[in-house]
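Every chain is named by a letter (A, B, C and D) in the order it is written, and numbering of its residues begins at 1.
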Amino acid sequence: MNKLDRNAMAARVARDIPDGAYVNLGIGLPTLVADHLPEGREIVLHTENGLLGMGPRPAAGQEDPELINAGKQPVTTLPGAAFFHHADSFAMMRGGHLDICVLGAFEVSIAGDLANWHTGKPDAIPAVGGAMDLAIGAKRVFVLMEALTKDGRPKLVRECAYPLTGKACVSRVYTDLATFEITPDGVLARDLVEGLTLGDLEGMMGVELRAG
Amino acid sequence: MIDKIVPTLEAAVAGIPDGATVLVGGFGTAGMPFALIDALIAQGAGDLTIVSNNAGNADTGLAALLATGRVRKVICSFPRQHDSWVFDGLYRSGEIELEVVPQGNLAERIRAAGAGIGAFFTPTGYGTLLAEGKETRRIDGRDYVLEYPIHADVALIKAKTADRHGNLVYNKTARNFGPIMASAAKLSIAQVSEVVPLGALDPESVVTPGIFVSRVVVAHEETPPSW
Amino acid sequence: MNKLDRNAMAARVARDIPDGAYVNLGIGLPTLVADHLPEGREIVLHTENGLLGMGPRPAAGQEDPELINAGKQPVTTLPGAAFFHHADSFAMMRGGHLDICVLGAFEVSIAGDLANWHTGKPDAIPAVGGAMDLAIGAKRVFVLMEALTKDGRPKLVRECAYPLTGKACVSRVYTDLATFEITPDGVLARDLVEGLTLGDLEGMMGVELRAG
Amino acid sequence: MIDKIVPTLEAAVAGIPDGATVLVGGFGTAGMPFALIDALIAQGAGDLTIVSNNAGNADTGLAALLATGRVRKVICSFPRQHDSWVFDGLYRSGEIELEVVPQGNLAERIRAAGAGIGAFFTPTGYGTLLAEGKETRRIDGRDYVLEYPIHADVALIKAKTADRHGNLVYNKTARNFGPIMASAAKLSIAQVSEVVPLGALDPESVVTPGIFVSRVVVAHEETPPSW
């Protein structure tokens, strides 16, 4: 069984982003999706700190401290870009105008609940940023994450143990083992990596899956 | 004659009282009014409630203000960062209160204050820890949490260019919280890179009309990188 | 007794608008206030259809059909003007950012209730426009109206008979007979026209007045 | 490739279904999308709910649409005008429903739809006929009425300039309801005076980002005076 590496995972998501889509890529692994958007598709990237039409990181020396993304990294603008303030930016998200949002996660439940903001540890300082807005802030919310934690526990779960970011908000989960479609009738698994059967996968994840 | 330009940073922050709720613009260092924050530190007001996206980075700006011990409470979306050691220390030792608000609810609550809205139902945060104890309602099949406006005494923001009426335009993603914060405070103070004659700003492109701005001060400072 | 004419009434209001004020002038008689703003004061006029820094009517032939006021009459912009959309414009009003709003009225009650949008006639088609927003849309709401109807009934009343535009929203009423300050402790009358006593005025208006 | 420019007015209004709720921009004639309204009349959709500031003037634009008998209901702030005889006749004969909304509540309800807000408390209208039967609440000593968003199927708006992404800038007070209506409809259609190449609009000055716009059509028409 060959798990997908981070670039292959990002490329897998990128393949499903259609021409013309308005997309927000979350911090961390999802940011990598931008590097794999298929040639010939025009995709408009949103960053919640007030920009549509975000372009790639500028060349060294060309960074502008006042042109950054949600991860506070330097970016550029593409032709057709627009700046707006924070209330307008989050109105755009909350109002369901983005086609797709790609997020990382600690856990996703089979009902599409998302946990990605808080470890729940009693001594952790809570910090949510835009996570809860992103969770409900697109027509479709894709999660991109490893299927298992470092110690081998599944991250697609019956019910989230971590504090929730949003309820029933995830449409699809892309992982290094398979892609999971969250539906009202259960979870469909597809794109299983070579050498992995649906039965194997069910065993590893501990939830019921159907071929999708 | 309307002339909101004040000559010094000291004059810009004059009169901010102890106990004030202060909105501070910026997302990362972009739009962070460092000069005004330093002036507020020098001015000396205490027992402050600070509303900002973050709770300070490293030892400058908001972090320097927190380090003075003059901040009672922080309302923000993301206090914890790799370099938020000043806030972290105060929080862990119980010396500062924290209210964490999802970023879009924070923005909308500030906007609501400026727009005279009494409260609003937002879907963000429903079913999470951050909505615990809050009023909820199902409307048209979707669940919402009731959130209230954040009214402030003072806003400290940064813009690119102003005229003497206080009309403002911003620079790129440094716009962020500036326009809504300007609208939500009784005393809104903008630091800008330059002042232009009245009429030089295109009325179609003014982002913050001067009605929302009380004082403008020119501050020449390099924005430090956020990364 | 010399009642003030319309221009004198407008000038009386204009005298009380301080330098630097942000002001909305309602349709009709209040619009006339703009012609009487004292020299040397810089006053910024708001029109709710999306403009701060409104200037006077342009010269004949210079009208722009896309630059109008709330009364749908051609206007100009002054240096320092800004355009914005309707939600922002009414947020500005509702949020209490305007210093003064000057409105016409059918009736004002001694509690500051305002009636100026609807005659209440059963066959009237209701139409409110921005009246209710203006009624609550400034730090101080001034009413400018004749003190009496054409058939001699007072328009400052104990309780409005017409349907309300807003409750307890009027600060001051400027009329052709006197200026009335609405306070929690009752109505103060001042600026009585020559030859009119407070007693006369009380008799005409049918409400208790104090010299103010 | 994103290209929202459609070649004809017919293509611009294609697919608007019977029963649609249609937001129509404009305050007076400024910002009124006459060409799109005419195209909608020709297209033939019926049983419409029209949301606009007024309910038509004289015999053109909205009034012409109303005259076709294809409008079931009007939601507006100010139907009655000296030249609103088409609406007046339909209303008095019971052939059209009317919901009158204070102008700022109308604007905020449209904005709320675009912004994903479930409902909001507004002070406007409290204690008046237009708040009868509505939920009210006293918050921080002020009385408010609960108002709900106006979601729409279609928005017909007018702007000055567009690019192929649908980014829009407006002209003067013709901006009015355009930006919020664009955000509140599933299908937002803008008629513009000109289309410029992508990148020609300054990102700092774009008023409606293209994400809110579905179709753009060039229509050369003189705006008739409102006066």
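Here is the rule we use: contacts are C-beta pairs under 8 Å (C-beta built on N, C-alpha and C of every residue); 3 or more make two chains touch, one makes a residue touch a chain.
This is a predicted model, so every value here is computed, not measured.
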Original post:
In whole angstrom, what separates the CA-based centres of chain B and chain C?
Top reply: 35
Original post:
Roughly how many whole angstrom separate the Cα centroids of chain A and chain B?
Top reply: 29
Original post:
In whole angstrom, what separates the CA-based centres of chain B and chain D?
Top reply: 33
**OP:** For chain A, write out the residues touching at least two other chains, lowest number first.
**Re:** 51, 77, 83-84, 91, 93-94, 136
**OP:** Among the residues of chain D, pick out those that touch two or more other chains and give their numbers.
**Re:** 108, 111, 115-117, 122-123, 170-172, 203-204, 207
**OP:** Once you've mapped the touching chain pairs, tell me: line, ring, star, complete or other?
**Re:** other
**OP:** Report the complete set of touching chain pairs.
**Re:** A-B, A-D, B-C, B-D, C-D
Subject >> List of chain D residues in touch with chain C within their complex >> reply: 27-31, 77-81, 88, 91-92, 98, 100-105, 107-108, 110-111, 122-130, 143, 170-180, 207, 222-227
Original post:
For chain D, which residues count as touching chain B in their complex?
Top reply: 108, 112, 115-123, 137, 139-140, 142, 144, 148, 169-172, 202-205, 207
Original post:
Once bound in the complex, which stretches of chain C touch chain B?
Top reply: 19-20, 22, 42, 44, 46, 51-53, 77, 79-84, 91-98, 136
Subject >> chain C contact footprint on chain B (complex, rising order) >> reply: 1-2, 111, 113-117, 163-165, 167, 183, 198-199, 201, 203-204, 206, 209-212
**OP:** Within their complex, state which residues of chain A touch chain B.
**Re:** 47-51, 63-68, 72-74, 77, 83-87, 89-91, 93-94, 118, 123-133, 135-137, 163-167
